[in-house]
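Below you'll find the structures, each written out as structure tokens.
Heads up, the next two complexes both have subunit A, just with different partners, subunit B and then subunit C.
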Partner chain A sequence: MTKAQSLWNQGVKIGAIGGVSVLIISLIGMVESFGKRDIIAGVLPMGVAIALIISILAAYMAAKKTPISDKSIQFANAVVSGLVISGFLAAFVMIGRSFNIREMLVGASPVLYSILTGGVAGAGGIFLLLLTGLLCGAFAGILYMLRDLPRRLTVNALLTIFILGLLQELILPILKAWDVGMINYLAGLFYTLNGLTPVGAILSVVIFCILYLLWNANQGAIKSKYAALPKEARKKSQIAALIVLAVILIVLPQFLGLFLSEVITIVGLYVLLGLGLNIVVGYAGLLDLGYVAFFAIGSYVVALLTSPQIFAFGLNFWQALPIAVICGILAGVMLGIPVLKMRGDYLAIATLGFGEIIRILVLSDFLRPWLGGAQGIGSIPNPNLFGFQMVKPQHIYYLLLAGIILVIFISLRLKKSKIGRAWMAMREDEDVAQAMGINLVATKLLAFATGAGFSALSGAIFASKIGSVYPHSFNVFISINVVCIVIIGGIGSLPGIVVGAAVLMGLPELLREFAEYRMFVYGVALVIVMLLRPEGLLPEARHKMEFHDETEAGAKTVA
Partner chain B sequence: MFQKWKDRVTVTDIVMWMIGGTLLLLCLWGSVSTIRAGLYTKSHWIDFLIFGLAQGSIYALIATGYTMVYGVLKMINFAHGEVFMSGPFTGYFVATAMWRSDFLDNHPIMAIVAIFAVAMFVSTMVAFLVEKIAYRPLRGAPRLIPLITAIGASFFLQYLFKGLYGSGVNAYPDIEILNGFWMIFGIRVLKIQVIVIIAAIVLMLVLYNFIMLTRVGKAIRAVSEDKEAAALMGINVDAMISTTFIIGGMAAGAAGVLYALMFKQVHFFMGFLPGLKAFTAAVLGGIGNIPGAMLGGIFLGLIESVAPALFLDGLGIIAPYQLKDAIAFTMLVMVLIFRPTGILGERLASKKA
Partner chain C sequence: MAMLELRNVHAHYGKIHALKDISITVNKGEIVTLIGGNGAGKSTTLKTISGTLKPSAGQIFLDGEDLGAYPAHEIVTKGIVQVPEGRRVFGQLTVLENLDLGAFTSKDKKRDAGTIEKIFHMFPRLAERSKQLAGTLSGGEQQMLAMGRALMAAPKILLLDEPSMGLAPVLVDSVFDTIKALHAEGTTILLVEQNARMALKTASRGYVIQTGKVILEDDAKKLLENEMVKKAYMGD
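Let's look at the complex of A and B:
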């Protein structure tokens, strides 16, 4: 390979990867179905925005990976990779227009071609596409050459627009709910029913830039002021922050509409599930893929005890709840015993098997007289608190909030207790932990039981929220979702779980077009997070340390 | 003597033996009462057996991929079920195209070869790329990480193919020469089932001989024995790992076409259950052990087709076929508990349990 060739290698290679990525998201229909939602109304549909983001990112990487630090070569590399990406797309559009590939690739529709070519037919559209690629590459190249502050400012400003546009359905109803003339005016200025207005986009960039620069200038001063405070004052300010957070959490559903409250309760359910699994996976290091079984057990126990169908025990929710949690804990111990000796992937597969066995059993006609079979169990009464029926999602929200706070409290206490330390020792090395005198059997079973109890609690609330349970609600995807939340949020970290649940469960509910690609995006997210940031988004401090320790040690052995 | 025994056996062991014993007794009780009740005739049982063999040989082919990857990387390639799906799903479009142009009816053998070639190529490429993109950067990472990556890759592939080819269930076109019956020793057997069994056995023999007799196969075995030592002996470890994925992908692609020809349908989720079953088969035979995976696959196929009728009908369970998958998973869990080394696996006993 000549030297000139090797200079352009990265540009072409990364461009090809970017091109294939954009092609994939176009072909699976993401660009087209996201085309209906605008980031900036009438200017930038979300599908195109995602394609642009990927292209710019790829071009930026190409500039960064250029073997020599010559500004012009780096810039040229970015442009090359931008061109390669658009070249891929152009070739695809030309092939798609001349041959019938729709028979096989269902996403290759004329609408997609028209989106990709900016609505211009014929060669003009192809030219426009290539030009866009070129501009993306040039933009990335310039971005790479900028100094640190302006670069961060540009990137974050663009991200602000993207996020504000993305969360239109979240922000607009909240603003509208105030119903004050001033705020209504502002809402109208920034948002249409379909994304930001161009004026809103420009205004938000300006506001963001001012805030960012202000923060940037005063950041050091604020931090040092905070650090200079005496210890009690710092503690007081922390408590004050907690109180503010609590007030926000308590009044939150009053400002959210019915739909958003529904979304929040779904997120809450998954937070509860995630907190439970966090004990098993995060603290004790046991990868449990059959976690949904305990969720199902909690739901079915509440359903059987409170629903007038099948047995008609006629208990109310509050009587059934502790029984459900106890059943969950017992099930945790019972399913825990067989897998005591397994580790790692064997454990994962065995628990996955358990989850499926339970689902198949519940679904079967054999147990139908007792568990309702595929029809499930219906007419589960809503929880009744001192004569107050909890019907709306807003009411369930408070139930969940109470549950989450309780579980977080237990988790935090457990983590610092002897058991918590035993779990973490076991997570690091079972043999060493045993040699240190930790009773592996009891410790493992405690982890399974605690996690299962939390999961059953979540299942109980789920059953009374939905009002009916079906075996199909308890498939392996729930387990996988929860594992994703725990791992992408940051193994072992409680704030990570809340963030993970909000991002992985809340966002797809808000972006309904997204729901179809939910599992696809999870798959990509899992792989990318594991490759780039194995400690997760908001890692526990200790875990983060471990991962970085390991990479350093790994680098040393390689060297 | 008794004291020594008492020290070694824990409460959990006793509980486990009790559970295992109960299950065994239930199976025995079920079999005896089924046979005594005479619910099924001899030809029923033969049908079950042949169907079980056909299904089992498909599991066996997939299981070899799991087992070889486990051998070289010590990880479960969770995405292998999707490697299995990708081939026949792509092959479906080739098949329908040929069916529409009458090529399928005029040159059925060539058409089948073409379907196999396309499917095996696609599966191989998918397996190769998954290893290269998702697993290679994680060499030496803590063991949980490649497993989670594999789960991610599996979902990515499932929904990628769903997005590309649509979410419907696609019916494979009928191939005339594979329809109908043969009379073998006076027993009526479906042609397709016999063909599947023979094809799978031939493929497995080829694969086994490749691993045992060629230089590349020897290198792969060396890598799964000890990576560092193999590297010192001048073996390109990364290339051998890639080769392993390629071979596994080819076997999975071929298995996928056999599966599609037998069950006549493909969809994006078709890899999930066979993938899990094949993993069960690999564990059953002793993971890391190629003949073990083949045996395990055939055994699992047989159990799955015979057990619902044999074990459960006699116990008075309604619609026992709904519980077929539960039987397979129960067996998986039982094997993992009582003999994690599998039927043939001894070598891996202390290392991975």
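Let's look at the complex of A and C:
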């Protein structure tokens, strides 16, 4: 290979990767179905936005990976890769328009071609597509050459538009709920019923830039001022922040409509599950893929004890709740005993089996007289608090909030306790932990039992929230969702779990187009997180250290 | 009375008969060494003592008490503490956390703090690196940490499994100096080594073990002069 060729290698290679990526998301229908939702109304559909983001990212990488640090070559490489991407798409559109490839590729529809060519027919559309690729590449190239601050400003401003547009269904109803003239006016100024208004997009960028620059100019001063505060004052400001957070959490449902409250209770259920699995996976290092089993057990115990169907025990939710949690804990121990000697992959497979066993048991005809079989159990009464029926999702929200706070409190205490240290040692090296005097059997069972108890708590609330339980609600995907939440959020990190649950469970509910691609998006998200941020979105301090130890640990010992 | 006594101990890994009728005694205040080639059964002997492998026959006594009924984690509380082969520190925990876990069974926080002081005094390198992840320590530092961690449990008898393994000669010397220092403070030590010469120079008595059997036992000085030992284990 000649030297001149090798200069362009990266541009072409990364362009090809980007082109194939955009092609894939197009062919599986993402661009098309996301095309119905606009980020900026009438200007930028979401499907196109995603394709653009991928293209710019690829072009940026191409500039970055250019073997020599010659600005014009880096820029040219970015442009090349942008052109290669659009070239792929252009070739695809031309082939698709002249041959019938739909029989093989269902996603290759005329609507898709029209989206990709900006709605312009014939050669003009192809030209527009290529031009867009060129511009993406040029934009990425310029971005790469900018200094740090303007680059961050540009990227974050664009992301702000994307996120504001994406979260319209979250933000708009909250604004409207106030029903104040001024706010209604603002809502109308920024949002249409489908995406930001162009004016709103521009305003958002301007406001964002001002805030960002202000923060950027003053953050050093603010931080050092905060650091200079006496310890007590710092503690006070932390408490104040906690109180503000608490107030927000308490009044939140007032501003959320029915739909958003529903979404937030789903997130809450998964936060509880995540916190429980975090004990097992994050603290004790035992990979449990059958975690849904305990969720199911919690649900079914509440169903059996409170529903008039089947047994008609006639207990109320509050009486059934502790029993459900205890049953979960016992099940955790029962699962724990046979897998005591297993580690790593073997443990993961065995627990996976356990999760399926529970689901198949409740589904079975053999147990139908006691567990309801495929029909499940219905007529589960809502929780009743001092004569007040908790029927709406807003009410369940408070129930979940209380549960989450309790579980976070227990998790924090456990982590600092002797048990927490034993889990940590066991996670690192079982044999040595034992040689330190740690009782492996008890330590492991305790981890399984605690995690299972939290999961059962979540299940109990779930059952009384939806009023009926069916075996198919407890499939293996719940376990996988929870594992993803814990890993993407940051193993061992409690705030990470809340963020992970909000992103992985909340976003897909808000973006219903996502639902179809949920597993695809999870897969991509997992790969990206593992590549770029293996410690998770909001990592625990320790894990951050693990992944970046060369620099940070060194710096710390010097300091 | 012997502090630690193995009486006709046999041990199996499944069908593999790894220890065949091993009898060993260690008296209070002694350094006793166990030497032998690869796969002779040295580590296995230590495992049966610390309870992670239960003997298939025979008994193990500590101060006259039969340890047969105790699980491994309780044997630690009796005062038998092992430094495992290959260092095995908790790599993703800090030096301080490692030491802290060494005192897992201890209920006396004050004494633990004192022990940490002592260990940092003995190994100043660990003190400098107390907040560093143990996995990022050098091999020699990890060995120091593994020993320090074992000391946190205030052992009556310390079982060392090849502490000089994989260390440069200078570090080997310093490890043996540490062993002597610990001994001088009154710790009883059972030392497993492949470095027979150093081990026999440090110990008062020694056992030679081959394919699961004790084939020789004597004063360390005499073993140092034994032709067979010289030939087989010191490369003379």
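Simple rule for what comes next: the second predicted complex is superposed on the first by the 548 of 559 C-alpha atoms of A that agree within 3 Å, B and C clash if a C-alpha of one lies under 4 Å from a C-alpha of the other, contacts with A are read in each partner's own complex, and residues count from 1 in each chain.
Following the convention adopted for this analysis, contacts are C-beta pairs under 8 Å (C-beta built on N, C-alpha and C of every residue); 3 or more make two chains touch, one makes a residue touch a chain.
None of these values were measured; they are calculated from a predicted model.
Engineer: For the combined arrangement obtained by superposing on subunit A, do subunit B and subunit C clash, or do they fit?
Structural biologist: fit
Engineer: To the nearest 10 degrees, give me the subunit B-subunit A-subunit C angle using C-alpha centres.
Structural biologist: 70
Engineer: For A:Val180, is the partner it touches subunit B (first), subunit C (second), both, or none of the two (neither)?
Structural biologist: neither
Engineer: Which partner chains sit in contact with A:Val106 here, subunit B, subunit C, both or neither? Use first/second/both/neither.
Structural biologist: Touch status of A:Val106: first partner only.
Engineer: Taking the superposition on A as described, I'd like to know which of subunit B and subunit C A:Gln434 touches: first, second, both or neither.
Structural biologist: The answer is second: A:Gln434 touches subunit C but not subunit B.
Engineer: Which holds for A:Met424: it touches subunit B only (first), subunit C only (second), both, or neither?
Structural biologist: In the superposition, A:Met424 touches subunit C alone.
Engineer: Any idea whether subunit B or subunit C touches more of subunit A?
Structural biologist: More residues of subunit A are touched by B.
Engineer: Is A:Leu385 in contact with subunit B, with subunit C, with both, or with neither (first, second, both, neither)?
Structural biologist: The answer is neither, since A:Leu385 touches no partner chain.
Engineer: Can you work out, in whole Å, how close the C-alpha atoms of subunit B and subunit C get once everything is superposed?
Structural biologist: 5
Engineer: Would you please give the residues of subunit A that touch subunit B in one complex and also touch subunit C in the other complex?
Structural biologist: 550
Engineer: Touching residues of subunit A toward subunit B in the complex: what are they?
Structural biologist: Where subunit A meets subunit B, its residues are 24, 27-30, 103-107, 285, 287, 337-346, 348-350, 352-354, 356-357, 360-361, 363-366, 368, 441, 480, 483, 487, 517, 519-520, 522-527, 530-531, 534, 550, 554.
Engineer: Using the touch definition from the top, list the residues of subunit C that touch subunit A in their complex.
Structural biologist: 50, 52, 71-74, 76-77, 81-82, 84, 88, 90-93, 97, 100-102, 104-105, 128-129, 131-133, 135-136, 149, 153
Engineer: Residue numbers of subunit B touching subunit A in their complex, please.
Structural biologist: Per the stated touch rule, the residues are 10, 12, 15-16, 19, 75-76, 93, 97, 133-134, 137-138, 140-149, 151-160, 162-166, 276, 279-280, 283, 317-320, 322-323, 325-326, 329-330, 332-333, 336-337, 340, 352-353.
Engineer: So in the complex, the part of subunit A that touches subunit C is made up of which residues?
Structural biologist: 418, 421-422, 424-425, 428-429, 431-440, 542, 545-546, 549-550, 553, 556-557
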